[in-house]
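Lettered A, B, C, D and E in written order, each chain numbered from 1.
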Amino acid sequence: MTLEVKGLHKRYGEVEIFRDFSISFTEGMITCILGPSGCGKTTLLNILGKIIPPDGGTLAGFDGKIVSYIFQEPRLLPWKSVRGNIEFVLDRNLLPEERKKITDRFISLVELEDFADYYPAKLSGGMRQRVSIARAFAYPSDIILMDEPLKGLDIKLKLNLIQTFSRIWQEDRRTVIFVTHDVDEALLLGNEIVVFSRAPVEIVTQKQIGVPIEERSLNSDYLKNLEKELLRALGG
Amino acid sequence: MTLEVKGLHKRYGEVEIFRDFSISFTEGMITCILGPSGCGKTTLLNILGKIIPPDGGTLAGFDGKIVSYIFQEPRLLPWKSVRGNIEFVLDRNLLPEERKKITDRFISLVELEDFADYYPAKLSGGMRQRVSIARAFAYPSDIILMDEPLKGLDIKLKLNLIQTFSRIWQEDRRTVIFVTHDVDEALLLGNEIVVFSRAPVEIVTQKQIGVPIEERSLNSDYLKNLEKELLRALGG
Amino acid sequence: MKISFTSRQYVSLVSVIIILVTWKFFSLYFNSEFVLPSPEKTLLTTLKLFVDDRFLVTVGTTILRSLTGFIVSFFLGLLAGIAAGVNPYVDAFLRPVLVTIRSVPIIAIILLALIWLTPGTVPVFIAMLTMFPFICTNVSDGIKSVDRDLVKMAKFYRVENARIVKELYIPAIMPFIISGASSAMGIGWRAIITGEVLSHPRYGIGTLMQNAQTFLNVDVVIAWTIIAVVISYGFEKVIRWSERKLIIWRA
Amino acid sequence: MKISFTSRQYVSLVSVIIILVTWKFFSLYFNSEFVLPSPEKTLLTTLKLFVDDRFLVTVGTTILRSLTGFIVSFFLGLLAGIAAGVNPYVDAFLRPVLVTIRSVPIIAIILLALIWLTPGTVPVFIAMLTMFPFICTNVSDGIKSVDRDLVKMAKFYRVENARIVKELYIPAIMPFIISGASSAMGIGWRAIITGEVLSHPRYGIGTLMQNAQTFLNVDVVIAWTIIAVVISYGFEKVIRWSERKLIIWRA
Amino acid sequence: ECRSNVTRKDSSGVYTIATLKGPSSMGMIKLIDSLNSGGPYNVKATILDEPMQVRKMMIDKTADFAILPTTMAAIIYNKGFGYKLVAVPVWGTLYLVGSDSTVKRWDDLRGRRVHVMARGMTPDELFRYLLRKNGIDPEKEITLDYSFPTHVDLANAVGAGRTELAVLSEPLASMVMKRNGSVRRIFSLNEEWAKFEGIPIAETAFMAKEEMLKNNRDITEKLLSSYEASTNWVNLYPDSAATLIVKYGILPDYESAFNAIPLSNLKFARAKDVKKEVNEYLSVFYRMNPDIVGGKVPDENFIYQ
């Protein structure tokens, strides 16, 4: 089964972002979206997440699905600690101990154990971004929307997170829609890579990567060639 | 002449960020700083920019210098348009037409001509970042502090901005302190690259790049080797 | 002629109707014109007041008083509030003054005010004592909640203090200012009328209200009340309209 | 015993001294204890009030009244304000009600109040009419300025509405609530005393103030005023103290 | 327009009488009318709503002559403001009114609830005094209800049938009875007082500034006789007087004014002729609450000879 967006229309004032735009996402796969700044990637995620209404078009396959979202900005509650921000989205039906267990697990996943009781104002930029990642992962969902989740993180942390993420993903095979500007990230994580044009958005290229995630290496010729193609599509 | 930081101390509660830390920045050069998330890079820039006071240590060579700063977050005034946000920092002694000319020049530099009258709430994440870049460049300064200026931008825009930036820099040879997580950016722009450790910060490696900025290519062996060394230093 | 309502106006109308119905109900319950005359009778009395030849000068004088009081308190409050919000020493200095101004009971100052001032200015004075601490508190609390990162940015770029206040603080605290202005105007309007009741200037809604009260004409008292409420509603509209004009930058 | 002041407290003290000096100046200028008695004499009178055996019950009753009025208005205002801030229809519905409550002069409803309530509860009622619209306006304006992105985030993660209110809106509007509470308490305290003057309950600061005024004991009126101001200052301290306890998350 | 409150005395030497919207102005109405239509002396009358406003004009010395309750007059004198009592123009306006037809004598009041305006003020203390004189303990054998703290509130409540028994003063009593037929007058507290004291209630005081008494004896004298004449005229021609009373906005309608005149006990008496009455009246209050008369019973000089 697939998630389908059909005949999407969206405009802000005079700027037309989507004009009769269609795209489909295979369930249980990671789809990476690349595209110029300001083209409409965040807008698409917001429409998929039902945060903003489209002007026209249909979404299919999203009903009844639980979605989590790593927003482009961390969007943390300033008056809640790291732990509090993550617990905030957890189901109240869980026992407090269980909530605590889940929270702790994802805090250590993003390597913030020592900062669990810090308020956002006292965290560095990358640390806030990590809280936002932990929150999205802690929320039990069928689909994850990610808007540049790894920005502002150092390379080591980035690689660790990519590894952890692919490990988690192997287990539950959630549907992931992953917006990024980093071609390497897309190559390491995506089952499918889509490149968007400037607004009004059109799909410039769409590539599938046959190699299983756990076997990929950025040094392999296959990925190197793919990278060149993608960079060309991005006009870089 | 150099800008000197000597015997810097800074702690937040129990977390010690700098303990007797010293570093120097050559004037007229671009120094890139790499290091793990949360180690203290932003803290260092804030101390250099006199936004936060150190607990101890001396700064030399900063007096009388005018500094501009690309903060880690865009920090735009929500009630001012793109144009208004840039004009906000310009000298009131300039004639309004002159202010407008400067503003327009830097708006087109970051490719936001069509959005000059937009309020920040209506811009995409990357667009906000670009306004913040334009503001820092428009402000006539001797030193520029940049905290991950190119994050959230697509690869084409990033390369364009790197080119534009090095062109501008060739002309006025300002002192630049550039914090980033992207090794490629550092390799393309830095005259000197410093890698920080986790807090309390120590300098893990410090490299000078002999090749002039305009002649660099990421495919050259020299930079490839350097990249490997840096990645190793970052533990990635 | 076609009258069209937005659904919000419709809801407001329903609310007014509920107020009227409640009133009618209670007037039937008390069944005495000494306590609560019926809405119909009172509305008739209200209409009669409109054609009275002293109507315009009475209402005009009271409105003028309240505008004077409001404008003076608004600017003083804004100034003092910003100073207090920006500088903790000014804050410490103003706090006892504000608390004093705010909590000195009217009755204690009316005797003094009547000696110092003419009856026409006493209401303005009382209203200022009511409105000023208000706007001042709201503004200084607003300033404390301004995003400090933006302030740091502006200071970093050496933007002059006057412009930081004008272009950063004031827009940032606009919601607080509007909220303060709206409450102040509402409460100030009541204070003006109370002041008129107490000091009896030659013209004024409060003067006529008090006269009506001593003659046990409760319907006239309520008729003036209605007029006062309608005028107050007008002020509120103006303030909310300026809110919309001033806060155009929200997404 | 060692007394140490922070520099802020020092500034506050200077401010109090300036108030006293101004007072002394005016009392010398008027040179009449019936217009403005001297600070010394008044402070003496104030001390005498303390030892009066009715002092505690009088002050206690008035404080109790104001706390009752405050707590009730605070919770009603918070509820109504949140509802109005979240839902534009509730806002449209409440607006005319608020404007009415806020601008109806006391003189117009005092009789109704006296009929329904006892003289002891009328001041509470009057204070509620003063405080409620206030807190309500402040809260609903605060809610309109809450970061919508955070709200979208919370809604996205299907956080229950009750928790969105409790854990997102309320902390976000805390500065507005504090500002509203501080102003409301100040103005409500005054309203309580005014109410006591009007309704003459058996015990109450306002009752004694009015008596003193009738008997032309100006120093007693001012002595009670001082007591009222000091108590009000105490309330303010409590509110600011809770502000510090509640807003610990600022950088 | 006579209701102007800004009455600093101007250099042309115009003297001001501060009077109250009530029985005192009713008795003075002929005088007010003649002053207003350019009477013989340089005097003008300012009609005020509240005794507090009259007192304020005395404190800042803008009133040369003033009318206010005798108890307040004693306070003014005792606090040394330089005013003396020259006449007593009104002799008791308090009545027990109500819709309860079962009450006829004092004894009928036992166990009943009577509304009185503000606790501790003149009407309250006076009523308590009479209760005690009639063998009723005001604390135990009767409920005194102070729910309606001002005359106007109380009058409205009586009119609305919210109270069965209340102590009200003229002309409010007449106004209420005109609008609510079931309210009647039960007895005059003035007459009851007279039964025990043998003298009527010296309720209202007409005071003059000491400088006036020293330097402008003639004007004072003329004014006193005109006031006296005016009071006599009002009692003689209540019909024409009522018209004037309405004209000057002292009462809202002719009928209330006409009814109130005979019940207001308007009788002009020079202070020196009623020394005993005044003293007796103030002493009664002094014994109950010294504050009401300013801490002590005024001395000899209170009364202008």
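In the analysis below, contacts are C-beta pairs under 8 Å (C-beta built on N, C-alpha and C of every residue); 3 or more make two chains touch, one makes a residue touch a chain.
Note that this is a predicted model, so its numbers are computed, not measured.
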Set of chains adjacent to chain B and to chain C: none
Set of chains whose contacts include both chain E and chain C: D
Distance-maximising chain from chain A - centres being C-alpha averages: E
Centre-of-Cα separation between chain B and chain A, whole angstrom: 27
Whole-Å separation of chain centres (CA-atom averages), chain B against chain D: 50
Whole-Å separation of chain centres (CA-atom averages), chain A against chain D: 50
Approximate Å spacing (C-alpha centroids) for the pair chain D, chain E: 38
Residues of chain D whose C-beta touches two or more other chains: 35, 111, 115, 210, 213, 250-251
In chain B, residues with contacts to at least two other chains: 73, 122
Shared interface positions of chain E, touching two or more other chains: 52, 59-60, 156-157, 160, 162
Those chain pairs that satisfy the touch definition: A-B, A-D, B-C, C-D, C-E, D-E
Parts of chain C lying in touch with chain D, wherever the complex brings them together: 7-9, 11-12, 14-16, 19, 26, 30, 34-36, 88-89, 91-100, 102-108, 111-112, 115, 130, 133-134, 137-138, 141-142, 144-145, 148, 175-176, 178-179, 182-183, 186-187, 189-190, 193-194, 197, 206, 209-210, 213, 218, 221-222, 224-225, 228-229, 231-233, 236, 251
Partner chain D, residues of chain A touching it in the complex: 49, 51, 66-69, 71, 73, 75, 77-80, 88-89, 92, 119-122, 135, 139
Chain D - residues contacting chain A, complex: 149-150, 152-160, 163, 167-168, 171-172, 174, 247-251
Contact footprint of chain E on chain D as seen in their complex: 32, 34-35, 110-111, 114-115, 118-119, 198-200, 202, 210-211, 213-217
Residues on chain A engaged by chain B in the complex (per definition of touch): 12, 34-38, 41-42, 72-73, 115, 122-127, 130, 147-148, 151-159, 181, 183, 231, 234-236
